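Each remark here refers to the structure printed beneath this line.
Chains: A, B, C and D, in written order; residue numbering restarts at 1 for each.
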Amino acid sequence: MKKTATLLISCPDQKGISAAIANFLLTYNANIVHSDQHQDNTENLFLMRVEWDLSDFTLDMCAFAAAFQPIADKFSMVWRVALSGERPRMAIFVSRYDHCFADLLHRYHSGELHCEIPLVISNHEDCRALADFYGVPFHVIEVTRENKQEAERKQRDLLEAANVDLIVLARYMQVLSHEFTAAYPHRIINIHHSFLPAFDGAKPYHRAFARGVKLIGATSHYVTEVLDDGPIIEQDVTRISHREDVEDLIQHGRDLEKIVLSRAVRWHLDNRVLVYSNKTVIFS
Amino acid sequence: MKKTATLLISCPDQKGISAAIANFLLTYNANIVHSDQHQDNTENLFLMRVEWDLSDFTLDMCAFAAAFQPIADKFSMVWRVALSGERPRMAIFVSRYDHCFADLLHRYHSGELHCEIPLVISNHEDCRALADFYGVPFHVIEVTRENKQEAERKQRDLLEAANVDLIVLARYMQVLSHEFTAAYPHRIINIHHSFLPAFDGAKPYHRAFARGVKLIGATSHYVTEVLDDGPIIEQDVTRISHREDVEDLIQHGRDLEKIVLSRAVRWHLDNRVLVYSNKTVIFS
Amino acid sequence: MKKTATLLISCPDQKGISAAIANFLLTYNANIVHSDQHQDNTENLFLMRVEWDLSDFTLDMCAFAAAFQPIADKFSMVWRVALSGERPRMAIFVSRYDHCFADLLHRYHSGELHCEIPLVISNHEDCRALADFYGVPFHVIEVTRENKQEAERKQRDLLEAANVDLIVLARYMQVLSHEFTAAYPHRIINIHHSFLPAFDGAKPYHRAFARGVKLIGATSHYVTEVLDDGPIIEQDVTRISHREDVEDLIQHGRDLEKIVLSRAVRWHLDNRVLVYSNKTVIFS
Amino acid sequence: MKKTATLLISCPDQKGISAAIANFLLTYNANIVHSDQHQDNTENLFLMRVEWDLSDFTLDMCAFAAAFQPIADKFSMVWRVALSGERPRMAIFVSRYDHCFADLLHRYHSGELHCEIPLVISNHEDCRALADFYGVPFHVIEVTRENKQEAERKQRDLLEAANVDLIVLARYMQVLSHEFTAAYPHRIINIHHSFLPAFDGAKPYHRAFARGVKLIGATSHYVTEVLDDGPIIEQDVTRISHREDVEDLIQHGRDLEKIVLSRAVRWHLDNRVLVYSNKTVIFS
C-alpha cells in the first residue's frame, strides 16, 4: 500500500483557498489521490479533505507544519494532517454485551481497522476471553455509584499511559462524566441503539416497541456533555414487523449496532470525518 | 378479478379461535385465498385477517353478520367484514403542496387504489386544476384562526353528505380539532414528514438538518387527539449527505412522503390494517 | 422459553385444509402461538407453518406422526414437525476467508442460533484458532483437482458420523459434486457474493465493478446441482459509489455476506423456510 | 437563485491539474460553490466537477472556451461547461404505461427538473390528455415492424426541429435502431424494470418472480447499441415477499421506476453525471 498523507481543513469560506492549497501541494510535487471539498453556505464554511501519495513528495513531513502554517494563518484554518503509516491508538470500553466488541476485534484482526488497540476497559469480567483471544490487554475497573469518580481516574490513568487517541464505547453501559468527555473532544465514539434523536436515553428498543414504529435504528456519534446529543457520524435502520417482540428487536438491533459502529470507527480512523456545528462531514 | 370477502378480527387469545373460524368458513364452502393470524403475547390478543373467494360461498353476505355473531360473541371479538366489490369512499384534504395529492390521484386513476373519491377539500385554490383533470369534485373552505370551528362544521357537512369512510390528509397544513378527529376514529390518515417520534410537530426537515441526521424519514399514521402520536401505519427513510441543504431535504422528502402515504392508503383500503394499543398490524 | 412444536405443510390447495389442521390441534388442546399460511395461485399450492405451545398439548409428540398421518394422507401433504427442544446439528464448511465463519460462531456462542455445531470442515488450516476458541471440532481435508472424489468421501464420512442435519458453506471455495449435493437436498446453504442471478459464478465483485453497478448484493440459497441456481433464501444489497474500487466492494460485501448468510441459517434452524418450485417461502 | 457555471472535466491523471484549474478560476475571481474530483486509479483518469457563482466572475462566459482551451489542451481534457441559466431541451418518449410520464411531468411542472420539454413522442394516443394538462406538445408516431425506419426518421426530424439535448425513454416499448442511438451518445436515458445486469431484455418482473428473488429492482442507464448494457446512472431495489405475485411486483416496480428514472434525469440535467469506460461518476 502506498504511503499517503491526508489533510483535513475547515475555515471561513472565501476566494482562493482551493488555489492556495493546490499550489502548495504542487510546489512539493504532490500526487493527489483523493480530493473532496464542501462549502456549507448556512455557516459560510469551507471544508476539505485532500490525500496525496508521498512517494514523489519533496517536503519532509516533519517540516510540513512549518511550511503550511502561513497558508493556514492567511485563511484562519483549523487543520490537521495524518500519515497513513501512523496507526492511531484506540481504546475500547465494553460492559457485558459483546457483539460490537467481538465485531470490532475481528475487523481489527483482519486488518480492516487501521489502528492499534493498546487496551480494553470494562466494568465486568465477561469479555476477557475474547480480548485474550485477539491478544488485546483487558482491564476491569468496577464502577458503582459511589466509586465513579475514582473509577474514572483509574480509567484516565490507563488511557494516558497508553497514549490513546480514540475511545470507542462498544455498548459500555455507564455514562461518562463531563470532565471525562471534555478531556477527549470528538475523540469518543458511542453507539446508541436507536435512530437518534428518537428514543434517546434508556431502553430504546422497549420504547420503539411500545410506540409501534415500523423501523428500528442505530446511531454512532461523538460523545459530548449532553447525553446522546453529540455529532452524528452514522445511522442506519432495519424494518421490523408486528410479529416481532422486544427480544426480536434487540436481536435485529445487534446487527445494526455492529455495522453502524464499525463504519463510524473506520471513517474516523481513515480521517474521513470533520466535525463542525455539532454535525459531521463524512468525506467519502 | 374474483370477488372476495375479508374478515378482520381481534379478540382475547384463547384456544379454539382458529378452529371456530375455519369451521365456520368451511360450513359455507369458502375457498380461502389468504389467511394470516398473529398472537400478541404482551397484550394476550388474537388478531386475524382471512380473505376468501365468494364464488362457491353458500352464505349470502347479507346474512353473514347474523350467522357469524354467535362465534364473535363466544370469543368477544371485535370484527368487521369487507367485500372486494364495495369501494370505500375516500376524501382527500390538501393545502398547497401538491405532490402527495397528484400522486394519489394518479394512482386512483390507474386503478391502484380501490376506492371512490367523492370529494377533495382544501383551504386554498392551488390544487383545483389537478382535481379537475382527474374529475374529482374540489371544495375550497378557507380556514383562519377565527373561523376554524365554522370551517370544520362545513367540512363535516360535506363529508357526511358524501358518506365518506376515510379521510386522507395529503399535506393538509391545518390541525384538526379533537371533535373532528373523534368523529373519524382510525379513519383519518396523515403523512408526517419525519421519522416519528423524531421531529414531531413543525418544520421537521429544518430540525433534521440542524441535528445533522444521516437519514430523513416520513411516517403515515392514523390521526388521534395527540398531534403526530397516532398509530403508525408505515415509515420509510432515505439517506442524505452533508452536501444537501434544507431545500434538498425537502425535495428528497417529497418522494418519501408520496411512497409512505400511498402505501398506508392502499393497505387501509385493502383491509390490511388492524389497530390495537396505539399500534397497527399490517397483514401482508 | 416455552417448549413448542412447529408443523410445516405443503399440499395441493383445496377447501377444508385449514379447518382440518385447526380441529386436529384443538382436539389435543394445542395453544397456537404462531400461524401463517400462504396460497400460491400459480402453482395451486397450500403452504402453512403453525407453531404451538406444548405445555397443555395432550398428544405425546412420539405419537404425533401416527395421529396426524390420516389428515396428511387425505390432503396429500408433504409435512414435517420440529420440536423447539431439539437442536439441529449443523456443519460449517469454510476455506480461508473467515468473516462469515467468525460471525456464525459468535452468534452460535451467544445463543442466537438454535443448533449444535458438531464439526467444521475446511480445506485450509487458517480458521483453526477461531474454531478452537469457540470449542468447535475442526477438521482439515485438503482438496485438489486430483483427490476431489476421495476428499468428498472423507467429508461425507465425517458428516454422517456426526449425524449432521444442515451444512453451511461459509465462503467455502470448492464446488461440491452432484453426488454430494444430492445427498443433502435443501440442506446445504451457500452464500454467494452477488445479487443473484446477476454475477453468478466466479469473481462477482470484480464483474460488478467492471459493469459499474450502483449497488452490490449477496444471496444465500440452497445448493442444487446447478451452480448458484438453487432456491434463494435471502438477499440484500448495499449502495456503493464511484469512489470505491474492487477492494472497497469486497470489504463492504463482507458485511452483507455475514448478514445475509446468518439470516438464512437462523430462518432454516427456526423452521421458517419452505421450499417449492425452486423458490422459498419465508414464514415471518 | 444565484447564477452559476459548472465545469465537467475528464483527462489522464497527472500532477498539476487541480492547481491549474483552481488558478484559472481564481484569476477571474470565481467564487467556488461546489468542487468534487475523483481519480480512477484503474484507468488513470482524473475526473472533476466544479461549480462557481458567476456574480463576481470577471470572465465573460462567451469568452470562456477560448480562455480555458490552453489548459484543456495542456492536460488533454475532455470538458464541457454549463450555465445554470440555460435550460436543456428534453424530449420524452412514452408508450402506454404512464406512471413514469406522469411523474416526470409533475416534477417538471413543480420546477424540480431544470429543463424545457418541447415535445413528447408516443406510439399511442393514451398519454395525450396528461401531456395536454401539463401543456406539453404531444406527437403520435405509430411504429410497426414495417415502418420502423420511416417512423424513426419522423422522430428524428421532430427532435432536430426542436433542438433537443436529451431524450428520456419513460417506459417507451420500442427498441431504437443503432443509427438512432448513435446520433445521441450519452443523451438518451432509459428506465429498465430490473436490477441490471439481472433480467436484461423482456419481461423482467415475470422472470424475477420465476427465479424467486427476494428483492426487485430498477435501473436507469444511457442507451447504447447493446440492449440494456449502457452506462448505469442509478439503481434501486425494494423487498418483496412470497405473498406477492407478478401483478404485485409490477405495482411495486412502478414506484421504483419513477424514483430511479427521475433521479437519473435530474442528475443529468444538473450536470452531475460524467461517463467513462461504460460507467458513470455521479458527483453528489
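By definition in this document, a contact is a pair of C-beta atoms (placed from the backbone, for glycine too) under 8 Å apart; a residue touches a chain by one contact, two chains touch by 3 or more.
On a predicted model such as this, the values are computed, not experimentally measured, just so you know.
Of the two chain pairs considered here, A-C and A-D, the higher C-beta contact count falls to A-D.
A centroid comparison over C-alpha atoms places A as the chain most distant from subunit B.
Both subunit B and subunit C derive from one sequence, and where they touch, over half of the residue numbers involved are common to the two copies.
In this assembly, the C-alpha centroid of subunit A lies 42 Å from the C-alpha centroid of subunit B. Here the CA centre of subunit A is 37 Å from the CA centre of subunit D.
The residues of subunit B that reach two or more other chains are 34, 38, 41, 241, 243, 284, listed in rising order. Of all residues in subunit D, those touching subunit B in their complex are 34, 98-99, 102-103, 106, 110, 112, 129, 133, 241, 243, 251, 255, 259, 262, 284. Here subunit B touches subunit A in the complex through residues 38, 40-42, 195-199, 211-215, 217, 231-232, 234-237, 241-243, 245, 277-282, 284, going by the rule given at the top.
Touching subunit C in their complex are the following residues of subunit B: 15-16, 18-19, 21-23, 25-26, 29-39, 41, 56, 239.
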